[in-house]
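For clarity, chains are labelled A, B and C in written order, and residue numbers in each chain start from 1.
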Amino acid sequence: MALIEVKDVFFTYQAGVEALKGVSLQIRDGEFVAIMGQNGAGKTTLVKNFNGLLKPTKGEVLVDGVSTRDVSVAKLARTVGFVFQNPDHQLFSETVEEEIAFALRNFGFEASAIEKRVTWAVNLLDLVDYRKTSPFMLSGGERKRVALASVLAWDPKVVILDEPTIGQDYRQKENLRQFIVQLNEQGKTVVVVTHDVEFVAECNPRVILMKEGKILADGKAKQILTNTSLALDASIVPPQISQIFQGLSFLGFPSDVIDVSEAKNLLVDRLRELRS
Amino acid sequence: MSVFEGFRFRHVSSPIHNRDPRIKFVFVIALFVVAILFTEFIPLLVLFFLPLPFVWVAGVRRQWLRSLRGALFLAMFIFVFNFVFGYLYKSYPSTSSLLEYSLAMFLRFLVLVESFSVFFLTTSPDHLSLALEQTRVPYEFTFAFTTAVRFVPVLAEEAQTIMDAQKARGLELERGNFLKRVRNYIPILIPLIVSAIRRSLELAEAMESRAWGVTPKRTNLYVLKIKLGDVVLLALSIVLLVVGIYVRYFVPIPQLSTFLPPLPF
Amino acid sequence: MAATLRLSVIEIKGLTYSYPGANKPSLQDVNLTVEKGEFAILTGPSGCGKTTLCRCFNGLIPHFYSGELKGALKVAGLSVSERSTGEMAKHVGLVFQNPENQLFALSVEKDVAFGLENLGMSRKQMRERVNWALKMTEIEDLRDRAPHELSGGQQQRVAIASVLAMQPEIIVFDEPTSFLDPLAAQRIFEVISQLNKQLGITVILVEHRLDLAAKYASHVLIMDEGKIVLDGPPRDIFNSERAWLLGVGIPKAVRLWRLLEEAGVDLKGTPVSSEEAIQYLKEALWR
C-alpha cells in the first residue's frame, strides 16, 4: 500500500487561481522523490496537500490510508514532516534546544523523551556547540540546520523539504545531498521540492515533473532530465552533463547521461577506441 | 485573508475614480461638516442619499453596502444609547422628538462612515499616494504610507506561511482556552516581527543605494492635473456647504412627527 | 605595438573591515582591481565576505553600517569613505538578492523612477530615462503593473531597471538569482550580459551558480574568510587547485575535464559552458 496516495486532486486558491488540475500519484514507503518544475507549476501546492495544510478542492489525498480531510494538520504532521524553504518562518525560540523541543511538546512527548530526541537531533545536524545559543544569532546555513533538526526530532515517516538548496554554496549543497541520501537509506521517505537540476542529477531519485498544475512526467531522474522535449515543455534547464551529451548524441553516445563519472567513463572508452 | 483583498491594486476607471483625490477629499469634508451641522432627521436623510449617485456611477455598490453593514452595529448602538439615556434623563419634551433625535444620530453616524467609505472605495492606493505627494505632507510620511500599502499583501502572505510552518510542527491554533490561544500566537508573531525588521533593513539598504535623501527638493514622475470634472466636484462641494449652512440657520426644519400619524406614546 | 590602456574603475588596496561588535574582521586586507567594461564574478563559500565587499562598493559601508573601514577604496574615481552613498549612487548601482525587498512603489514605472526622483531630475528627463531603462530590460509591457503581481524574475528585472535608470558606470549584483528557477536565472544573466556588452557597464556579479554564469565573465574573483584568494580569468581560476579545495561551484563541464585529465585524457582548453565542452569534445572525437 502506498504511504501517500493522491487521487485526481484539483486545488483552487481562494483568490481563484487553479493550482492543481487533476493530479494523481502514489508514493511508497522509503521512496526518494524529487518534485520539479518551473516556479508556479504547482509543486509547493501539491506537497502542502500531503500534510493537510491544504485540502483538495476536488479529489482525495490519503496518507497511510487515511484521508487528509478527516484528520487535523497537527495529527498528519506527526507522520509527514515539512521543512519550509525559509527557516526564519519557523524560528522563534530562545535557544536551539527550545526550538527543537517545540514540536515534541506539541505532539505530547514526555520530558525524558524530549531530552533524548533533542540531543539526538543536535548531534545529527552538527549543532552541539549551539545547543544553548539563540537561533537568531546563527548564520543562514546554521539556521537551516536548526529547522531541519526540529523536524527530524519527532522522527516523521515522511520528510518533505521545500527548496532546500536556495542560497546555499557548493559545500553546503554537497553536505545536504549526502545527508538526504543517508536519511533515505535509513528508511525515511524523502520528498524534495526543487528546481535545482544539478542537485537532482547527483542524487538520481524518482522525478515527478510538473507543469501548470499537472504532472508532465514521472520516472527516474536519468530518463526525465535528459529528455530534451520534456525539458523544453516544462521550462527546465537540463543538467550540464546532459546538455553536453545531447550535443554529442550524433556520435552514438547514450542520451540519458547525467552523472559526471559515467560521462567520463563513456568518453575515456571512446577515446581509447579511437586511439587503437 | 479576504480583508486584504481590498488592498489589491485594481485598475478601475470611472468618472468618480478618475477624480483628483484631493478634490474628492474636499467633497467628503464638506459632507462631513454639513452632517455635523444638523441634528434633525430630514436633512440627514437627504445627506445620506446624496452620495448614492456617486456610488452608482463608480460601480462600487456591493462594497459600499458591505461597509454600511459593518457600520450598522455601531450605529444601532448609538441609536439605543441616545434613546435610553434621553428617556432616563428626560432631556426631551416628547418621546417622539427623542425618537427623531436618536434616529438622526443613527443616520449621522452612517453618513460619516458612508462618505469616507465612498472616498476610499473610489480611490486606489497609488492614486492616493500620488495626491499625498503633491500636498505639503513631508515625503517621509507619504513614502511610509505607500510602502506600507505595498507590503500589506506581502505581509499577509508571510503571516499565512508562518502559520502553515508552525501548524506543520503540531501547533494547534484553534484549541485551548483563551489564555492558551493567545500564547499560541507567539510562534506566529515572533517570526513575523523578526521578518518585518529584516525586511526593513533590506529596504533601507535599497533606498540608500538609490540616492534616498540626496535632494530635499524631490521631483515627481507623475503630476495630478485638475480637470473639468474636478472643478465641477469642487463647485458641488462649495454649493453643498453653502446650502447646508443656509438651511441650518435660515430655514425652519419640520419635525418628523408632522409627517407621521400620532404615536401611541 | 601600442599597449591598450585599460581604465580601472575599482581600485582597492588593503581594505579591512569589521562590523561593529564583531570579534573578527569580515574583510581582511583585500586588494583588487576591476577594469572598465569587465564582467567580473565574485564567488566563494558562505560567509567569505562577498556580501560585505558589495556593500563597500557603493558606500553602504562605511556610511550606512558603522564600524571601522581601513584601507583605500576608489570606485569610479571617487574615494568611497569620503563620498556619501547618495553621491556614489550616481556611479555605482547595487541590485540585491531578494527581489521583493527592493521595490517600494505601487507601480513598476514609479519604482524605476524612484532613484531619479530622489536626485531631483526634471520630469521630462525622468520620462526618457524610465522608458529607456524599461526597454533595456525588456519589461515595457509591465509598466503599469504592481510589484506584488509580478514573478520573481520580473521583479528582479524591475530592480535592475530602477538601478539602470540612474545610468551608473558600475552595477553590482548580489546573488540576484537566488530565489529564481534556472530558466529565469539564465534570462537575468542574459540581461546583465547585454548591459555589459551593449552599454559598456562594468558588472560585478556575486554568484554561486557558476554553471550558468561563468560563460559571461571575463574575470573571476574567489574569496575565503575575508580575503581574495584567487583573481584571474575564468579558465585559469577553474583549473587552479585552490578553487577545487575551497569547494566553490565549479561548473560540471570543468569537473568532467578534471576527471578526464585524471584518467589520462588531456583535452585542450577549459570549457566554461556546455557549448564549449561540446565543441572541444567534437574536435577530439570526430575526425
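Here is the rule we use: contacts are C-beta pairs under 8 Å (C-beta built on N, C-alpha and C of every residue); 3 or more make two chains touch, one makes a residue touch a chain.
Because the structure is predicted, anything quoted here is derived from the model rather than measured.
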{"item": "Chain pair showing more contacts of the two, A-B and A-C", "value": "A-C"}
{"item": "Relative to subunit A, chain with the most remote C-alpha centre", "value": "B"}
{"item": "Chain centre separation in whole Å, for subunit B relative to subunit A (CA means)", "value": "46"}
{"item": "For subunit A paired with subunit C, centre-to-centre distance based on mean C-alpha positions, whole Å", "value": "30"}
{"item": "Residue numbers of subunit C (touch at least two other chains)", "value": "none"}
{"item": "Of subunit A, residues touching subunit B in the complex", "value": "14-15, 48, 51, 53, 72-74, 77-78, 81-82, 84, 86, 88-92, 102-103, 106-107, 136, 150-151, 154"}
{"item": "Residues of subunit A touching subunit C in the complex", "value": "38-40, 139-141, 166-172, 174, 195-198, 235-237, 239-241, 243-244, 247-248, 251, 260-261, 263-264, 267-268, 270-271, 274"}
{"item": "List of subunit B residues in touch with subunit A within their complex", "value": "2, 5, 158, 161-162, 164-172, 186-187, 190-191, 194-195, 198"}
{"item": "List of subunit C residues in touch with subunit B within their complex", "value": "55, 58, 60, 63-64, 84-87, 89-90, 93-94, 96, 98, 100-107, 109-110, 113-123, 126-127, 130, 144, 146-149, 162-163, 166"}
{"item": "Footprint of subunit C on subunit B - complex, ascending", "value": "9, 11, 125-126, 129, 143, 146-147, 149-150, 153-154, 199, 202-215, 217-223"}
